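Handing you this structure, nothing more for now.
All chains are identified by letter, namely A, B, C and D, in their written order; residue positions are counted from 1 within each chain.
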Amino acid sequence: MEPMTVRPDGQQDAAGGCACAPWKASVVAELAEVVQNRAVNGEYRHMVVHCSAEAAAAQPGQFFQLLCPMPPGEAPFLRRPMSLYGAFPDRRQVEFLYKVTGAGTRGLDMLKPGDRLDIMGPLGTGYRLDPGLRHIVAVGRGAGLATLAPLARAARLNGSKITAIFSARRPDLVVSVDLFRAEGAEVITVTDQEQTSGPANVERILRGLIAEGRCNAFYTCGSSRLMRVQQRLAQEYGLPGQVAMEQQMACGIGLCYCCVRDFNVDGAIVNRRVCWDGPVFDLMEALP
Amino acid sequence: MEPMTVRPDGQQDAAGGCACAPWKASVVAELAEVVQNRAVNGEYRHMVVHCSAEAAAAQPGQFFQLLCPMPPGEAPFLRRPMSLYGAFPDRRQVEFLYKVTGAGTRGLDMLKPGDRLDIMGPLGTGYRLDPGLRHIVAVGRGAGLATLAPLARAARLNGSKITAIFSARRPDLVVSVDLFRAEGAEVITVTDQEQTSGPANVERILRGLIAEGRCNAFYTCGSSRLMRVQQRLAQEYGLPGQVAMEQQMACGIGLCYCCVRDFNVDGAIVNRRVCWDGPVFDLMEALP
Amino acid sequence: MSMNVDLAVDIGGLRLKNPVMPASGTFAEGLDKVMDFNRLGAFVTKTITRELRDGNPLPRVVEQPGSLINAIGIPSKGVSHFVERTLPHYRRYDTPLVVSISAPTTEGFASLAAELSAFPGIAAIEANISCPNIEEDGKAFAMHAGATERVTRALREATRLPLWVKLTPNTGNVPEVAQAAEASGADAVVVANTILAMAIDLRTFKPCLGNIMGGLSGPAIKPIVLRQVFQCAKAVRIPVIGCGGIATAEDAVEYMLAGASAVQVGTATFVQPAAMTTIIDALAEFCLRREIPRVADLVGGVLIEEADERDLAWLDPVAAS
Amino acid sequence: MSMNVDLAVDIGGLRLKNPVMPASGTFAEGLDKVMDFNRLGAFVTKTITRELRDGNPLPRVVEQPGSLINAIGIPSKGVSHFVERTLPHYRRYDTPLVVSISAPTTEGFASLAAELSAFPGIAAIEANISCPNIEEDGKAFAMHAGATERVTRALREATRLPLWVKLTPNTGNVPEVAQAAEASGADAVVVANTILAMAIDLRTFKPCLGNIMGGLSGPAIKPIVLRQVFQCAKAVRIPVIGCGGIATAEDAVEYMLAGASAVQVGTATFVQPAAMTTIIDALAEFCLRREIPRVADLVGGVLIEEADERDLAWLDPVAAS
């Protein structure tokens, strides 16, 4: 962990809010050290890195921009966004769960414990967990499971119960189930193979949870189809919800406007940067 | 050793000299396997690679173009020329002796046994050893010692005795002495530190060898000053000589004309490609 | 360490504490999470327009080896949003704010510059004239000396703020366009914007960008833009601000030796968010190591022998091969 | 494997067995040690001139990340050496020989083309008009449509051989220059030569090249030249031959989709000497895998939606940022 940002060198924020507090980086690009990097199933890999306190303070729903090593014959140029899968401020570690899909993630795949990885974060606005929330539902699919994962512990610490509905192509591709159960969550898995993952079935499950009073808010990521189901139910029952969105990114910190999406804000279509205004947005404002 | 040239696929050289012989690559770019790569002194490193039969057939004075791995933060683009330091057709190995000076050689420095290195060669025209030669003298300095090295064995096989005069900054930087002695050569080392490496002293040694009939031809590389001494003596005594020249290279095989030097051919200044017309040239034609 | 080296530069009367600033469109408020904004030589805003604009269809970027093609377009919340929100935000810093502007007509440029000049807190205007001029069939102003001269003159009459004109590298004669800007009153030229480029997705056979073509930036373009800066610095007396592929202090030094009085850093910030402050520190170290007391001494310092100088007038792509 | 894919292309009446050939100045006899010359689509010689020429001072090349800057110049042994030595050498192969020529005047181009046309064994002339025109103050012919039109017309009158005109990427309007070449009788345009560039040695503060500036080539320029090929292919009906940074079959496919009828491989050969034959093999495999029966079917195959097409006329650097 060699922070590569400018050292807070005592120069003062001359005319700013508090003229006496020296400026301090809240996002750092640093060389973290890989602690572990291994497959968890046929699709996903789990990486743990040792990093700075700033990075390890990441919140659920935030993400990092990883500067991926170059696999032979390829030269990923931009950083790659990866959701926080777990943050452990005490042992200064953050974790990622990723799927190898292209040049960048092929580069990540090469990393071995002890190697350095340039990580930049924490970035974006994460999930909000309001103090009073009694019972929340997390609905995810694909890489969305990675994004939702840190909610399990955060919900427990917030005193909120959590029910997770995890969708995947096959049962062996569902990840984080143990992690959620360990935090006291109930996990329902639905899969394409078992033909349980269709929106109709998920809607049925969700209506059941709502009826039982076990759904005071939706937290979702990774599936537009399932997002639409939740939007409908949130509307019908007046429930709040949050969704983490994906978009191709260059800077990851609000500079370039390549990651914009349209949102429906009180009937008006508004353009927002996923990296900066999100990646977590109000469920009702999101457009698929 | 996966040859990456076109497979001689039986297509015939339609109208060429011999219409019946299928075309066959005589220069290959191939992934050789590093067998050894370690320091021989404070300046030079010795690398052995396992390669194709074509590459291992390289002759003294020829060279290879190495596609150097990228050291962190640097991206050498062109290949780097390296003289043949040793060729062993029987065990299909070639050897290089190199000094780390920039991005490319820093990349070479990273290689470990078992790694792959893309080598292209053998390239250029090497030293000629005429059958009748009784006694030759090899004069070298710096990387020139690497270039001269394979002459030791070639001279023995040719039935020529060889005396080597090796020049270096310090005694500990002289390389290949054992290699020459093992082939029955006499080795005289001259160094800056001992103040024996000046042209006057080398001239004195050479005049002695000539007087003793131990110098029927000059073979040199790596020092313009010493080359001029030999040119003068060659002129004076009517002795033949050959010199291996260096020049920055891009293609290494005569395509780009970036490696040209001026030569004095019968009083006329002629432009020649070091990679293609050389790197070994007639001593009397070379200009410093 | 930097105590002994004077990093200040003067850009047509505007003094910057160091020659490093962001390139327009690659900088925003969020970067203050990464670096102390008071350390920058200047701020340069994303190009703003009078009217609200959406920007281009997605995908808006595609990476290439060592470079990036972008077709963001100029999404703009309009001038009033800028004046009410952005401008006050930057007043808290002691770093001068350069406002990048664009318009589809000469008159549009002039009136936008005039309007902005009424507000305090703007240190200079950077006119991004690498944008389509609807009076010339959509060709960028900076493609031709004539259009550049007209728009620069109108801008000059519209504002007393220092006026920087940002050129396009896509024209065949950048120095001539730079001269046109100088002749009509520009205080500096920025060389340059992105190089028009394209990539095709081999899976879908579609262009990689929603806009089909986009602008190439990043390290890969450095040798091209460096040459243009060198040519422009020979052609004009006003300062040239170099911009194209700068990622390290070495790149910045190379640009300054070629004739740049200051440099802008764009794409590099996407890869290393602290690139600018890292460059400032390393620039000071470079000068210290090479015993150069003032970074301004580097400007135009490339050593060219007289004989070579003579041939320069002749130099054309040609000679290149 | 390649049995099922027809690799042949037609370049203005000249049939090539496949679309892959060397770029001028990056090919010579020595490469036959690496590859079977009968496998190439065509040979393209280093540019020759009538008179003997020395070429530029050293250093003549400097590498950059992902690219090369060269200022070789055009060292030439003159036309008689070419006719007596080079021409006979290539007659032994069944691959067509394209002879690249250059001259400092329109008349010089025409007379050189006429002289060469008398000798058997030349399949086409490639006029490298990215060279200084002494009638225009040393500006390259290909910098302007007018000079291009004049030299192309003179060449057309001087020879009945297929005439390829090689353009420079350094001009602001390559499609317009391509149209000028087409209008005056060119059978194909080659897009493009190198991009003028520069590098400075930070140890010595001197330019890295003896010639100060040079031409950038290699993978880094691909997105720029690909865009120019796309623009030119839309602007002319004659074949466009793509040249710029092609190192893999994927690059070649991208160029063909953008509108190139054939491709030239230059700098890549310096890095991987067998690049051309590797590309030919992989091109056949690509077509096989994608069930494309003839490589010629790729030409201009980029998929662009109608709505986007409409905007193309508007497209300028601008839109890029």
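The rule is short, and it goes like this: contacts are C-beta pairs under 8 Å (C-beta built on N, C-alpha and C of every residue); 3 or more make two chains touch, one makes a residue touch a chain.
Note that the coordinates shown come from a computational prediction; the quantities given were computed from them, not determined experimentally.
Chemist: From chain A, how many touching-chain steps at minimum until you land on chain D?
Modeler: Contact-graph shortest path, chain A to chain D, evaluates to 2.
Chemist: Could you run down the chains that neighbour chain B and chain D together?
Modeler: none
Chemist: Per the centroid of Cα atoms for each chain, what is the distance between chain A and chain C, given in Å?
Modeler: 35
Chemist: List the centre-to-centre spacing of chain A and chain B in whole Å, with centres computed as mean CA coordinates.
Modeler: Computed value for the inter-centroid distance: 58 Å.
Chemist: Between chain C and chain D, what's the gap in Å when you average each chain's C-alpha atoms?
Modeler: That pair's centroid distance is 32 Å.
Chemist: Taking each chain's centre as the mean position of its Cα atoms, how many Å separate chain B from chain C?
Modeler: Distance between chain centres, rounded to whole Å: 48 Å.
Chemist: Out of chain A, which residues touch more than one other chain, so two or more?
Modeler: Touching at least two other chains: 75.
Chemist: Touching two or more other chains, which residues of chain D qualify?
Modeler: 25, 64-67, 70, 72
Chemist: With chains as vertices joined when they touch, what's the shape: line, ring, star, complete or other?
Modeler: Contact map by chain: line.
Chemist: According to the definition of touch, which chains form touching pairs?
Modeler: A-C, B-D, C-D
Chemist: Touching chain B in the complex: which residues of chain D?
Modeler: It is residues 25-39, 46, 54-55, 58-61, 63-68, 70, 72, 75, 91-94, 218, 269-274, 277-278, 281 of chain D that touch chain B.
Chemist: Which of the residues in chain B end up touching chain D in this complex?
Modeler: Within the complex, chain B touches chain D at residues 4-6, 8-9, 11-17, 23, 25-29, 67, 75-79, 120, 247-248, 250-258, 260, 271, 276.
Chemist: Where on chain D does chain C make contact in their complex?
Modeler: By the definition above, chain D touches chain C via 24-25, 47, 56, 64-67, 69-74, 128, 130-132, 137-140, 142-143, 168-173, 193-200, 202, 204-207, 211-216, 219-224, 226-227, 230, 250, 253-254, 257-258, 301-304, 308, 311-321.
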